[in-house]
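Order of writing sets the labels: A, B, C and D. Residues in every chain begin at 1.
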Amino acid sequence: MTVTESQKAAYIAGQAADARVRVEIEAEGMTLNLGPQHPATHGTLRIIVRLDGEQVVWADPVPGYMHRGYEKLCEVRDYAQVTTLINRIDWLGSFANEVPFILAAEELMGIEAPPRAQYIRTILFELARIANVCLFLGDMGVQLGAITPVFYAFRDREFVLNLIESATGGRFHPNFDRIGGIKDDLPKGWIDECRVALGRVRGFCDQMEDLLVGNVIFQQRTRGIGVIPRDIALEYGVSGANARASGIDWDLRRDQPSPLAWKHADWKVFTHPDGDSFARYWVRLQEVREATRIVEQLMDGLPAGPIRAKVPARIRVPAGEAWVHTENPLGEMGYYVVSDGSPGGPFRCKIRTPSFSNISIVPWLLRGVFVPDVITILASLYFILGDIDR
Amino acid sequence: MSLPVAAHTILGIRGAYWNTALLKAVAVLLVAPTGALLIVYLFMFKMMAHMQSRLGPMEVGPHGTLQAIAEAVKWLQKEDVFPERADRFVFAMAPVVVLVSTFLVYVVIPASPREVAANLDTGILFALAVSSVSVIGVLMAGWASANKYSLIGALRAAGQLIAYELPLVLAVVGVVMQAGSLSLNRIVAAQAHFKLFGFGGLGLFAIPQVVGLFLFLVAAQAELTQTPFDMPVAESELVAGFMTEYTGFRFLLFFIGEFATAFALAGLGATLFLGGWYFPGWGLPFGHLAWTREVLGPLVLLAKILGLLFVIFWVRFSFPRFREDQLQAFAWKFLIPLSLTNILVTGILKVAFHA
Amino acid sequence: MPELPRAVEDALAIPKGFAKGLGVTLKNLFTPAETVQYPREKEAITPRARGVITLKEDNCTVCMLCARQCPDWCIYIEGHKDKEPPRREGGKPRTVAKLDRFDIDFSLCMYCGICVEVCPFDALHWSPEFEYSEPSIADLLHDKLRLGQWEATVPEAPALEAGAEAPKGKKK
Amino acid sequence: MVAAEPETPPPTPRHGELVAALGEALGADLVSHAYSATEAWVRVAPAGWLQAGRVAKEHLGLSYLCFISGIDWLQNPGLGGEKAWDPDVEASDPPGDGPGRWKTGVAGGGTRFQVFARLADLTRHVGLTLKVDVGDGPSDPDHPGAAPRVASWVPLFRGADWHEREAWEMYGIEFEGHPGLRHLYLPGEFEGFPLRKDFPLLAREVKPWPGFVNVEGLPGDDDSAEDVEA
């Protein structure tokens, strides 16, 4: 086996110790610094790429520009205060962040919320997914140069955000989930409004199908670009739609016994065998459609009753450890909550965020692609900076 | 008309020449930025906004009509920043080169039988030649900026502009063959006289040269670096390509250059394929009403230009962009063979019909 | 429709895809925009919206619960004790806590609503008003007077969706 | 601190099978295990950490790496923060260090620092949390200043790279065999390990807690707060 010059350069550069003070080796090619302020990195992710012409020799993501130390902050807050914090992890689907944490606390306390609360939780969870993934569907267009889709995404997401706001009071950061239930019931007329908004979301999905998926330029830019094989996806812990696009038939909403109400709805998990950027886009598009179906069915079957279980006024979580994970808009999100039984907050709260693992595959995935494909791949992996950096 | 320079002779040339020359220069210098402003307002602001369920600018002037001017004024106020390691002279000259190449195209586009700055016999050749000069300006900008994004953008632009210059020229060849002239005014006249199977009077080459029109539009889209061919300025990859380091006045020059070129290329397209200033029914010997053509001609041309621009920008707002290699493959493997075929077919038909 | 060969169909799919995309944008060109011209037009804000925290000073007993539960430590309270005339004739004079200072620093506030929730005497409410931005960040510290002025904008709690348990009649 | 008694049955039979198979493969290196209603824990000896990962990945089908992280079991490091300010929180033990100052959680543990990781089988939908004792770090009286240390999983799971870099910079746990332990989140010149319990959280140190009952009494009045009427 012969070693090419660019492989040698990659090896030498790989040996240079710290990415932050990476010595620029004057071999052939050049080092291009994408970010932390760059239009393609939605947030402040920095990626250092070594180029040979327009081809990437190696890529090194440097996260941390938005690290807020949530795991430390959780340790000095009590359980009610933590929910308002973790809202801000994946800020586009923030209600979905609260749910697994509250479920973990409930599991430690041995409490289960009443069915109506579980239904409303699930409905809001799916609305958060719609709000989040809709933006991806539009943003992918922007990253590929089509400016129009993202405006449709913002337009139709607004209706979903309005719904979340009228139910929870918070557009982006609902802080609505409580141990033992939810804060409030739905206001009158909410369900009818929701049906209208879901119709708009479905219309948006059709528009995206026409504008992007059917466009041969879009297909050429995405098909076969950034292929993640199944076993590599597993090793890197890639989850969510990214894993399903690699043919991994795994969806925690279906595969995990959960008190939430997904089991009461009839829906489908979409997978795609290709594992490329197109597959990731397609899977997410179908997931938004499925999410609208789930919400509609759950609204039809919404049971009457209380929304809060009996919970002591001063919450004291018994000592123990719990791991609860859910299928969040970006992938598998889990909280490993360790309680020492003191009246304050968790002793340790490990937050497993999907984007962290989904982006850790980037150095592997970007090797040998072209600069425009770097953008395609990053866009199709779909990360939220707050979700990587926590 | 008496202009201040109307002295008897300057440099041994008669004053009347200087009068008309100055008038023509002023006209070109006015039309090009006006065309750019018109495009920015009509297409970039309003059409784009409405296609995206927005309203666009609404505050400056009724329905934001003066917004484009406000933007220009804003840019003029900004600091003129040179990057530390920039090649200052080249950096400063680059937008000028781009703008000059744009202005030169306007010189040969006829707005009516007489309203043309220079009625060159080789008008179309001249227009295509000077419009390619802008590549040099783009390369200068990319190189002088001392920025990696600029450099990549400029190299992409150079590759792209050269690749698409060819189909653009070849698309025009069909029209030239059919008209039998390189003069733009004579091409308009040929379209006015053109008859297809005995029917005529539509006054356009768009029907027999439909392939040529398609090729011209695609190539013009690429020349203008509009989506789906906007890799040189691909904002999600290269920030702003060769314009990354430019601010204020110099950025404004690039900006005017971009849209004035769009206006000029649409003007060429309208002249070549849609009959230019000619409106069906204006038979060429027009008798004592001939002066009306001088007034209405520019308006007809403007309408046709706007029609073509609508298509160009409609595509721009709807499509994602190609990748660099796909763009090259598209030009060399599809557009150029197609344009050569078009020339061949045109030639055969021309000989067949005129024999 | 006669079946077209696969290759022809594939070739036709390309212009068809382009045309569909162009159709979407063209259709949107002729549908009215969704934009709301903000300072002149305003959207109706839902009554639950968390815009600004209001203070009903009479209800506050300086119990400090809100300040302790605040995750950001952005509520500052001071008070003093005072004698009030007895409620009934001949009773003992009551000792009540009077509020001296109640500041919320909205530049730190995360709008989580925990203070409103934990208040046992219903002195804090949410109002959907949101137009109180300031050029200086220090001016975002609202004192009890300013917080009290917002009180007039607190809306009625909305009726609940069918199937909900009757509200316990807490909120204002 | 014991949450799940060893008698708790496995949540699913598959969890039981996995633990049994791991025990068979590791022998004495599997120190203990525990179950809760949804989850199974296995604690392995530091020497068996790499082997445990290999067996789980290659023989038990637990091929999906969910996360790797660390934990510091030091109790009451005596730093400030809300708990120190709040008079309602019962007076805690005085700050200190050394064995006995940490209590470990489910499946037990012998050292101040532990590394725990979760692996899952995506076709059978079971997962397993593995724990390993990695040492006492600065609290170790015998080797003061020695970093906690354990084998790296990067040879098994490429994705372990970032997780271990994070654990290293947050807890100072060294992963032997990791190709490049450099900072992931924090700037390169950052000193200290922020998630260790004895690392002060400055945001809570520099500002006094605003939750003191700050009610000035009447002159000559020694009423307690309870007497105040609503």
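A few comments on the model shown:
One rule holds in what follows: contacts are C-beta pairs under 8 Å (C-beta built on N, C-alpha and C of every residue); 3 or more make two chains touch, one makes a residue touch a chain.
Since we're looking at a predicted model, the values are computed, not measured.
With respect to chain B, maximal separation of chain centres occurs for D (centres as means of Cα atoms). Chain-level centrality, scored on Cα centres against the all-protein Cα centre, points to A. Here the CA centre of chain B is 66 Å from the CA centre of chain D.
The centroid of the Cα atoms in chain A and the matching centroid in chain C are 26 Å apart. Rounded to whole angstrom units, the spacing between the C-alpha centres of chain B and chain C is 52. The distance from the centre of chain A to the centre of chain B, each centre being the mean of the chain's C-alpha atoms, comes to 45 Å. Contacts with at least two other chains are made by residues 51-54, 317-319 of chain B. The multi-chain contact residues of chain C, meaning those touching 2 or more other chains, are 18, 21, 24-25, 28, 34.
Counting only pairs that meet the touch rule, the chains in contact are A-B, A-C, A-D, B-C, C-D.
By the touch criterion given at the top, residues 17-21, 63-64, 67, 69, 71-73, 75-76, 107-108, 231-232, 234-238, 243, 248, 250, 255-257, 318-325, 332, 334, 336, 338, 340-344, 348, 350, 352, 356-357, 360-361, 364, 389 of chain A touch chain D in their complex.
If you check the complex, the residues on chain A that touch chain B are 30, 32, 38-40, 54, 141-148, 151-152, 155, 211-212, 215, 217-218, 220-221, 370-375, 379. Within the complex formed with chain C, the chain D residues making contact are 86, 207, 209-218, 221, 223, 227-230. By the touch criterion stated above, chain A contacts chain C in their complex at residues 77, 80-81, 83-85, 87, 116, 148, 152, 155, 158, 162, 165-171, 173, 175, 183-191, 207, 210-212, 214-216, 302-307.
Chain contact summary for the complex, chain C toward chain A: residues 13-14, 16-18, 20-21, 23-25, 28, 34, 46-50, 69, 71, 110-114, 117, 126, 158-165, 167.
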